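Take a look at the structures below.
Okay, so chain A shows up in both of these, paired with chain B first and chain C after.
So, the complex of A and B:
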């Protein structure tokens, strides 16, 4: 990132830039304080008479589709992560754009994965100017070192929808990889040889982008049923050999943990739900991917069985663990935002009570309400937390970008937000005085569960009251921190950061919550 | 002693730290440090390395440290072990901040569960007390490769000094003689509560260990009790169970090692354990005769909770007061099976109450309902109430 950026302090004391990639920014004002008015962004006016009356929108390849969409330098191209680390289309689209000869594209993925590491080369060549979306692995490293030409912008899944509706991001061309589609552009993720589950992340793009390209490896005659993306929003359909490798949907984080400490945390969290009276007939919960969250589902399931309790709905990231819960009648519904394993994919395709949702239903700040705030309890992870219950999920303590925000910020709005995390990783304590990068304000984080004890946010005296008489080790957060620092040999040294921003963290309302600064490389 | 290169720890194991020390003629310390957590603790590891080597008497050497995020107690153990193996045997330890020493352990304390921790694995040590086992065994014997005994000894010593194990009794399983004495010399200053002696066949073995403990504790001036738990693992050991049980005032319990015992007999260890029934009963009887606890072996199949529970229930019915755990998730099951049931506690409380009332009234015969109660029944009820109280199965206010 070149040139100096003016920084101001936002309401929780974080220094944030007043401009990002040439656009003026609003610093975070506090929870629920930023309520813009006016009208939402809208797609350009189109007329059916401009489209083939036989509904056949097929073109030969991605290159032709991009050219027909009028691809130019400086445009914004969006893609989606339904295939997680098995996506073939996003990278191919950007590489094709490079071959066409355009420059300075803004890539707007719903999330990026290590399979897209070659985008680094495209940034080096000037094809891609910068990325607005989660960055991890080599892309996160590239951005953290300040090599990206523009500032990275990290948003939650809900925040991505908000940014589109606010006109903060204007998508020129959306490219949607679809496991099944018809020539009209109706498409869906639940069926086909590359079935991946929900296509919810692409929904906003299909509605608001100037042009929409659907790429599929399973073209069926009209109509594609069911359809999650409506062909009425689609400009072109491209048939390819394979859109993605669904076996790569499963990442390391969707396997249950075997570590005794992590199993202990999972058991604590399930017990907390039971003892606090959250686990009762008709309740709801969400547990994402990650070893602890999955083990938690296992423990909770046993407690639900023992107590004869049934949930009304669970929210996914679905996995085989949630699918089992549905099949055993322990929940009425799975409301699924994305599928984390193939059992989830199969469930969404076959069980009418396993529903594909989208960031609009679940997370969008500009919706008239959303599902996330209706969930009784959510179990999430974090890379760091601080003594005021603030949490970091995007950088490690070394200041480098390592994870996207995903739905994490949106899920904090649940009635009871629980961060389930080991008290230290390797030798590095997870509880610190102040998080390196603020991703979630402590006001929304109710419980931090570690293997050494459970810290309940003092703001939640109701929860503390409900837990009176529980045998859980409820402890002050500072006490757990001191214990860990004792055997880790003191607090870890803070990373050396420059004053040069490399990315910003948006809050769900579009204001700037924090800044990721460039790391200084230092010899060990 | 002649000096040569010394090495300790593994550099491909998470939370461990590999140290290699190659002595040179002069030029001071040539330190090569790589650490996974170097950004956060690099300065601290460098300082610890220099201080520890100084204390160990290493002045001129090429020192290689490859750290995978080891805790300071483990780093010290690896540095000290490498220094000793390089021939620097006259130095002293430079221990990180010590944990508070828990109160001494009682001879008859609750010993339902004892959780095995491999002595040379630095990873799980900091969480070993968390499952709340009645005891943790830091093992120097079978879980430690013969080439790693020196390093493991120091790691176990440092863990005893630096790590809090909560309410768990801190036990160490030493090696058979002659290594046992070297083990004891290393770990006793760190004040473990109990020593498990493996492969005991004769009382004389225990007597020698007891004498070694006296000698070592004599030099530290330490009067905290150190209990002994001999492990009988052969036919001969079982035959001599009673003599062994009486061999030292320090003996708090006898236990059995079924893997070795069945190997000695040439029989297959089964899920039900009928082949070891006699040996285990013999051990229980010997322990009762000597007034000490009888502790059962382990149940090796971690995934078979049902089998563990059935084993534990049969074992308690035979007269054992506890057993070993090879995984933390066995601990709650074992606690459950070795604790008196609610019904048993209620019945025992009634008996004790009936006895006390009869005594008050000066009655010679105690009866509960229509049944007459003999004195041994009262005594058993008292012991059960006592055990239930220790296990937290009786709320305050109940008599």
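So, the complex of A and C:
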């Protein structure tokens, strides 16, 4: 990162830059304190007269499509991550841009994965200037070392929609890899050899980008049904051999944890939902695809059966565990943001009660409400939590940026937010005095569940009251922390960081919540 | 209409006002000649912090909702016409606005019907200033007499989307009557006691209006599935006893014509599709709910069966005739814009191959293409046609404005546009030298089919070639016209009109195609 960046302290005590990549920033003001007053981004008006009347928008290859879109140096190119570590298209797009000879692109993926590590070479060559989007693994590591020419900007799924919608990020060219598409550009993720479930992460891109390219390996005659992405927003369609590696698109082997400690955490959380009266007819919950979350679903399902309780809806990341709930009639609906296994893909493609959602419906904070705040309970993870219930989900204890935010910040708005985490990892305590990177304010985190006990946020006296009489080991967070430190031989060492920002963490309203600082050489 | 309006002649020779209701206009420039260069309308950015976190947006009544939306004099209020002549909500909304005491509202319905005739009183009282939208029956008659304070503006379904999207019409408050809704404002038309099928005509309103009110008589717990209208765009939800009269929402008795002449026209059209080779595997067509169109579907279906031909998709206005095609496997999909009978409502609510579309996907000319130009053949009506194949669909031979444009202009973009019309009505010839009101340019009209013969537009020499060898009575249009005039005792009398505009006809690109002039007193 070249040049010095002025930092100010935001309302939560974190130092944040006043400018990011040339754009002035609003420091975090506190929950619900920043009310926007602008208007949404206004994409160019097009005319059907400029598009083929037979609806056939196919061009021969990605290079041709990029050239027809008027690709130039300094543009912003977006991609989605529904193929996760099996994506073939985002990297090829950027490499093709490099061959065309453009420089200083802003890559704006909804998330990046290790399969896209060669983008490091493109950044070294100056083709890509920097990345705004989650950086899982090697790209996050590269960013942590201060090697990116611009600052990384990490946003939640809802925050990404907000940033596009509010005009904070202007996408010049969106490239949407699609498991099924028609020549008009209607496309979907629920069918085809590379089926990935929803394409919701690409929806904002399709609506707001100047130009939209759909790339598919499964072209069908018009109409492609369903059409989660509408061809009326699409400029060009490109057919390729394969859009992704199906074995990597979904893990295929999402499995419940076998660790006795983690199973214990999962059981605590399910029991908490039952004992606090959250698990009742018509309730709702969200749980991801981690080992603890899956085990939690298993325990909860058993309790729902025993108590004759049925959910109104469950939210995915969908897996076979949620699909089973739906098939057994234990929930009316799955509202699915992304699909984590083949059972999820099959469900979203065939069951009308298994619905693809988008970051707009589920998470966008700058809409007239969203689904996240209507969820009764959500079970999430974290890399670190502190004694004030603040949490970190992006950096490790060594300070390296290795994870994205995903929907995590958005989900914090549920009626009961539970972080289900082991109290230590590799003998490093997870509960600290102050988190390395603040990703979620403690005000929104209601419960921290560890294998050593459950800490309920003192702000939630209603929840503590509801849990009177429960046999759960409810303990003050500082007590759990002290016990873990005794066990691990003390508090974790502070990460060795410079004063140079390498990335910022946006809050769901577009303000800057925290800064990720460069790790010192000896630490990497 | 107060004050004089300057008129200019547009490229097609029609006199059109340079200003309409204070807004400068672009006269029609010719097909595909007006290319927009602006940006889409940008609705205000909202914050979830300003909406109830439990997602419950209910208020007690329409009055409260209007007041909370900040209703003021001079605002634009929109409504949809999916309930057709059975709608209870649009009129109540405007009458409530009158009770609140505001004046000079612009009412912007997707169409108005005789059940809304009392809006005349509201216009007399000054509550409603004028109407922009189709005026079927008494409101059109009122407009024709020059009594409206502003000019009527008639747009096609696609043109209405275009006008909202392009910012030509700014909706302050959209009121969406919904057969099913949840407290968050997700809503849909396919289920509930007042089910009407699609709610597509209200979609643009929900996206672009400053404020959106959903009114329902069938509230379900979140989530209302499907959610064609997304609660994330909705401000308030109001429960009422009944949103419409189910017996009027769909006609229930859509029937094939029994007139031998009209049956003959229908058979001509079906035969033309067969003989010209349009009817082949994977083809598509659109036909409405008129008696001739329904009979056409019946004849075509028989020919499809005989020839072993299956359509890829058919477009509705859906009726039992289209639903039967789908159920019998004679088409892969119905792409439905509105639903005309109970079989259509049942189909859209249960068959995943019977899809609700919107004016955006189907018709918006200012998108990156739309569905209409991909349809192989469309069968439409007209009130008048002229010897250059120009057609009128809004005024009668006496000059009175009694019909809306609907999707008619948009459908003209199909690969083969057929007007199926009797050659005279009430002994008044339908083929004239020049249409009273030009609603569709002859360049886009390929065939005029009457009971006396079929006129193919000379521009379509390819179609004439394809029909070589057909036994159909293909004749020059002037020959048919002369025969009809002999039979009816001469050409029809010209309508008796003043030089004062009462309404304008917009083309699909927002330019002004023609003007409707005030009828003289003796003519009404």
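Please note the rule applied: the second predicted complex is superposed on the first by the 517 of 524 C-alpha atoms of A that agree within 3 Å, B and C clash if a C-alpha of one lies under 4 Å from a C-alpha of the other, contacts with A are read in each partner's own complex, and residues count from 1 in each chain.
In this text, contacts are C-beta pairs under 8 Å (C-beta built on N, C-alpha and C of every residue); 3 or more make two chains touch, one makes a residue touch a chain.
What you are looking at is a predicted structure, and each value in this text was computed from that prediction instead of being measured.
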Query: Touching A:231 in the superposition: chain B (first), chain C (second), both, neither?
result: second
Query: Is A:493 touching the first partner chain B, the second partner chain C, both, or neither of them?
result: first
Query: Who does A:18 touch here: chain B (first), chain C (second), both, or neither?
result: neither
- prompt: Of chain B and chain C, which one contacts the greater number of residues in chain A?
  reply: C
Query: Between chain B (first) and chain C (second), which does A:398 come into contact with in this model arrangement: first, second, both, or neither?
result: first
Message: Tell me the contact category for A:482 with respect to chain B and chain C: first, second, both or neither.
response: neither
Statement: Overlap of chain B and chain C contacts on chain A, residues none
Query: Which residues of chain C touch chain A in the complex?
result: 31-32, 34-55, 57, 165-166, 184-185, 212, 221-223, 225-227, 230-235, 282, 312-313, 333, 335, 352-353, 355, 360-361, 364-371, 373-374, 413, 415, 509
Message: Looking at the complex, which residues from chain B come into contact with chain A?
response: 14-15, 33-44, 48, 68-73, 96-97, 99, 124, 126-127, 130-131, 162-164, 327-329
Field: In the complex, chain A residues that touch chain B
entry: 260-261, 263-264, 397-398, 425-428, 451-452, 483, 486-490, 492-493, 495, 522, 524
